[in-house]
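Everything below concerns the one structure shown next.
Letters A, B and C mark the chains as written, and numbering starts fresh at 1 in each.
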Amino acid sequence: MPADSQAPPIVEMRGITIRFPGVLALDDVDFFLRPGEVHSLMGENGAGKSTLIKALTGVYPVDGGSIEATGSSRVFHSTFDAEAAGISTVYQEINLCSNLSVGENVMLGHEPRKVGRIDWKAVHRTAAEHLAGLGISIDTRSLLSNHSIAIQQLVAISRAMVLDAKVLVLDEPTSSLDRGEVDQLFAVIRELRDKGAAILFVSHFLDQVYEISDRITVLRNGKLVGEYPVGDLPRDDLVTKMIGHRLDDLVAISSTAAREIDRTVMPVLRAQDVGRRGVLEPADIDVFDGEIVGIAGLLGSGRTELVRLLYGADRADTGQIEVDGTPSKMTSPRHAIERGIAFSSEDRRAEGIVSDLTVADNIVLGMQARKGLRKIRRSTRESIVSEYLAALDVRPRDPDMVAGNLSGGNQQKVLLARWLATAPELLILDEPTRGIDIGTKADLQRKVAELSEQGLSVIFISSELEEVLRLAQRVVVMRDRKCIGELDSQKSDLEGLIDFIASEGEGSAA
Amino acid sequence: MTVVENAVETRPTSSERYQTFMSRRASLLPTLAAVAILILLFIGAEILLRGDFITPRNISALLLDNTYLLLLAVGSTFVIVTGGIDLSVGSVMAFTGIWLAKLLEAGTSLAIAVPAILVGGALVGLLIGVLVQYFGVQPFIASLAGLFLARGLAFVVSLSSIRVENQALLSLQSTRFRFGDWYITPTGIMALVVVLIGAYVMQYTRFGRTTYAIGGNPQASLMGLKVARATVSVYVISGICGGLAGLVLTAYSGAGYPRNGIGTELDVIAAVVIGGTVLTGGRGYVLGSMIGVFVYGTIKTIISFMGAEQSWMQIVIGALLLVFILVQRAIVARSDRRS
Amino acid sequence: MRKVARHRLFWPVTALIILMVINTIARPRFASITVQDDRLYGALIDILRQSAPLMLVSLGMTVVIATRGIDLSVGAVMAVSGAVALTIIDNSADANSTTTVLVAVTVAVLASLILGVWNGFLVSVLGIQPIIATLVLMLAGRGVALLITDGFITTVNSRPFAFISTGYLLLLPFAFFIWVAAVAVVALIERRTALGVLTEAVGINPEASRLAGVRFRSIIWGGYAATGLLSGIAGIIYASNIRAADANAAGQFIELYAILAVVLGGTSLMGGKFSIAGTVVGVLIIQTLESSILFLGVPPAQSPVFFALVVVVVVVIQSPALHRFVRRLGGPGRSRRISDPDVEVGATP
C-alpha cells in the first residue's frame, strides 16, 4: 500500500537551478521524495531529468536552490556525500565488481571485521541474510559475473540496503530484464517501499512506470511541469505534458502494416536452419522485397543472436543463407555488406558510433570501408552527408560535430544514415528506438516505413511489441533461443502476440 | 532408525563440486597452473641433471638469488591488481641501492640510511600515484616518468659503482641460519615476511579488497570506496618495495651500481603474470607472484647449470610468458562464457 | 587566435620554439650553420641527423598507438637488425663493397619486417594484449640478437655501411633524408588514402569498425608490420653510427622515448586520432632537449631526470584536472561537460 501522501518528504529539492555553458539545464525546479512511495521522474531528452538525478546523487553541484535530505540541509560535493546522507543509486550499468564474489560485492567497504581483519564467514552470512530479505538465495561465494544482469541488479539493490539507504534511486533498471525478472524486481521494490524507503524510479517504459509508481513528476525543457499522483494522470496526458503536444503521428504509420507484399517472387533473403551451438537453435527466416519483418520475443529469446548470424557478425554452425537466390556464406560483416545487407546493432555506443570521429566520418564509414583504401571524393562525401542529415533531421545539423556529443536519438539517426548510404537491399535494425524520446522514435519509425515503401527490405527487432505490430507485415516470434512461429500482423493484436510468445503451444499462426 | 536417516545428507557429486569451485575460484586457475609448471620444472631439471638439482643447497640458493625480485613482485602485484603498472621498479631499486651505498660510505649509520632510502622509494611511488589519481595520467606514462626520474637520480648520486664496507649491511646477506643443509639469510626472511604481510593485506584488509575492486570496476569510486587513497598507496608500496630491493641487492653484491635493474621491471611483470595476476587487473594473488618468481629463478638456475648462454634466459622467459598469456586468455575466455 | 591555440599542434610547436629560443640565447652558436666541403654543419644539423632512429621508431609507434596498441619491442628489433646486418658484412668477402652492404641491409630489414608481422599476428589474430604480446619479443629479441652475434659486440670497417649514418647528400646528412622519406611515405599513405581515418576508427571503436565492415585485422596487423620495418631501418642507422652491433645497448629505452614523442605530439595513448606531424615535432623536442642537456655539461646518464620533468609537465598540462582548475579561475558559473563521461545515467543527456 502506498503510504499516506501527507507524510513529510524525506528529500526536498527546492528551486534547483543548474547551468552548463550555453544551456540552462534546470530552471527553478522543485522535487520531493516521500518515504514509502515509488516516485517516477518523467521527461524527454534534454528535459533535465538526468541532470536532476545527478544533482540528487552528488554528481553535479547545484548553482541555485537547496537540497534537504533525511532531515538536514545538504550540499553534495561528491557521491560519498549523497551516500552518507542515505541516498543510494543503482545504475543502468551495474556498478559492481564482476571479478569479486556476490557476498563481497554486497558488503564491499563495510565488511565485518574481527580483531582488525575481515571476517569472511560473517561477510557471507550477512550478505546472504540481506539477499534473503529480498527473496534471493544464491551462493554468495560465487563470482558476480556468473549471474544474470537481473540478479546482479538485485545484488546492487541489496548493497544499497546494507548501506542503510533511506532513498533508493533506480536508473533504467529494467532495460535488460525479461518479464519474469521485471516482476521479481517490482516485488522487491514494493517490499522496500512498504518498509518505508523512498524510491525514485526512472524508466522509459510507460507501462512499467504506471505499474509500479505511486507518483509522477514531469519535467520539460528544464522546467517543472507538475507532480501528480499516478491515478490522476492518464497516459495521454502524461505524454502531452512531456512533449507539449498531442502525438498522433504514430497513428499514421499503422498503414504500413497493412501493405500487400508479393511473396511469390524470390526472397531477398532466405535463411534455412541457421543456428549456432549453444547460442541459437536452427531457425528459418525469409524476407521479401519491400517487406518489414519484425522479430518479437522476450529478452534472451535469441532475436539479436539470429540477426547477428544473418549478418556474419557471428559465425553460424549450421544452415545456409541465400541472398537473391545466391547461396552465400556469411563469415564476416564484410561479406554481408557486399551482399547488400546492413546491420544496426542494439548497442549503439559500443558497437555503432565511433565517438571521436565527426558525424560526417561516421556516416561515410560503411561506404569507405567497402571502398577500401581509395578515399571517397570530397564532393560525393559532402553531398551524401548533407542529404542524409536533412532527410533524417539530425540535430544539430553539423557534419563536423564530434559524433560522441550527439544525443542518443541523433546518434541513432547517424547510424541509420551510415547504413542507408551503403544502399542496402536488406536493413537489419536491432532495437533502434531503445532509450530514445517519443518524438525521435516517431521520426525513425516513419522513416523506416517510407523506405520500405520505396523497396527496402527491413528486419526490425524491438522489445516494444506495439512498435513491431505497427510497422511489420509479418512477425517472427522467438522464445528461448528458438523460432517458434510467425504471425501476420494484420490478423493479430498486442494481446494475441503476447499470448503467442507466452504460450506453451507449438506451431505457427499465419 | 529415522533419526540417523534424516541426519544423512547427500554428498555433492564431483561434478557439482567442480562447478562450485569454478564459480567461486576460477581466478585461482592461472596460479595453480604456475604451481604445476614449477613442479614440472623441478622434475624436469632433476631428470636432466641426473638427480643433482633438488638439493637443499640449490633451493636455498633459489631464494637467496631472487630475493630482490620477490620484493619487487610483491609491490608490483598490488599495482597490477588495481589495473595499473609500475615500470619504475628497476630504476628505483638502482637508485635506492646506490644511494644507500653512498650514505654508508659517508659514514651514516644503517639505522638512518635504510629508512632514508625507503622514504626515497616511497616518494617516487607517491609521484606516480599522484599523477595517476589526481591528474588522470595513464599508469604506463606516469611510471615511465618515475623510471626516468629514478634512473637519472641514480646517476646523479654516482656515475660509477660504490663499494660497501659496512659490516652490518653485508651481514644481512652473509649470515646464514642453517637447518641441516638448508639455509636462509636475514634478507630472505625479510622477503618472506613481506610476502606474508602482502598476502594478508590483500586478503584480510579493506584496503586490500579495495585494490581488487578498483581493478574490477573502473567506477569503483561510485561504490563509496576510498579509491583515491588506495590508488596512490599501491604505488607508494611499490616504491617502498623498490627500496627494500635496493637494500637487498646492495647487500648481495657488496656495492651499489647505478646500472642495476635495467630491464628488471620486465622480469617482474613476467614473474607476476606467470604467477597468475592478470594485467588488466582485478585478479591475482601475492603468493601467486611468489610462485612466479620461483619459476623465473628456477629457469635461470637450470640455464646456468646447463652452461648455456645467458641470452637463452631471455628467450625462454619470453616464450614462457607467451605460453602463460595464451593459457590465461583461454581460461578467462571460458569463465566469461559461463556467465 | 583562439582557433590557432586550439589546434592540436599548437602546444608541441610552441614548446619546440621555446626550447630553440632558450638554446640560442644560452649558446648563440646553437643557431649557427656553417658550410664546409659541400656540407652543412652545426648543432641544428646534428639534431636533424641524430633524430633519425627515434624518428623512424616513433613513426611506427604512432600508428600502432592509434590502433589502441603499443609496441615495446622496437628496441629489441633494432638490436636484431643491427646484429643481422653486421654479421653478414663481417662474414662477407669484401666489407667495403656496396653490394654486400645493400644485401646485408635488405636482409636485416626483411628480418625486422618478419618480427613486426609476428607481433601483428599475436595481437590481431590471437587477440593478445599488445603490451604483453610485444613484451615477449622485447624480452626474447635481445637474446636472439645476442645469439646472432655469439654474445660479442661485432665491429666492422665498412665505408658504405658507415655512410648511412655519417654520410652527406646534397649538403644535408643522409640519415636526415632517410627519415624525411619515411615520414613522407607514411603521411601520404595515411592521409591520401582512407587508411588514416580507418585506422582512427579502429582505435576509437574496434567493434563498431568491425561491424561497419572495416578490415580491422589487416589494419592492426599492418601497423605492427610497418613498425617492425621502420625499427629495422632505425637499427641499421644505429649500428652504422657506432659501426658495431651491440645487442644490449642498441635501442635501449627507445620505446619509452618514442612513446613520449607520440604523446608530446598530441596523439592519445588511448588510441584513435593521431598526428604524424605531432610526432615529428615531439621527436625534435626530445632531440633538442637531449642536445641542450649535453650542452649544459650534464652527464648523459643523468639526462633522464630532465625527461621525467618534461613528461610530468606535459601530462599535467594535458590533464583534464588542470583544465577544470583553469576554467574555474576563468570566470563565474562553473563549467561542466554536458554529459558527464563518468556517470552514464540513462540514455538521456
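By definition in this document, a contact is a pair of C-beta atoms (placed from the backbone, for glycine too) under 8 Å apart; a residue touches a chain by one contact, two chains touch by 3 or more.
Just so you know, these numbers come straight off a predicted model, no measurement behind them.
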A-B compared against A-C, more contacting pairs: A-C
Per Cα centroids, the chain farthest from subunit B: A
Separation of subunit B from subunit C, taking each centre as the mean of its C-alpha atoms, in whole Å: 31
Inter-chain centre distance, subunit A versus subunit C - centres from mean C-alpha coordinates, in Å: 44
For subunit C, residues that touch 2 or more chains besides their own: 342-343
Per-residue overlap in subunit A, given as positions that touch at least 2 other chains: 91
Junction residues of subunit B - those touching two or more other chains: 219, 222
Partner subunit B, residues of subunit C touching it in the complex: 70, 122, 126-129, 131-133, 135-147, 151, 247, 252, 256, 259-260, 263, 269-270, 299, 301-308, 311-312, 315-316, 319-322, 342-343
Residue ranges of subunit A in contact with subunit B within the complex: 79-80, 83, 89, 91, 95-101, 104, 108-109, 111, 113, 117-118, 139, 141-143, 145-147, 159, 163
Subunit C-touching residues of subunit A, taken from the complex the two chains share: 19-21, 23, 43-47, 49-50, 53-54, 59-61, 63, 91-93, 171-172, 202, 204, 311, 313, 333-334, 337, 343, 345, 350-357, 361, 365-366, 368-376, 405, 407-408, 418, 434-437
Complex interface listing, subunit C residues touching subunit A: 192-195, 197-198, 200-201, 204-205, 207-215, 272-273, 333-336, 338-340, 342-349
In the complex with subunit C, residue positions of subunit B that touch it: 85, 87, 127, 131, 134-138, 140-142, 144-149, 151-153, 155-156, 159, 219, 222, 258, 262, 266, 269-270, 273, 279-280, 309-315, 317-319, 321-322, 325-326, 329
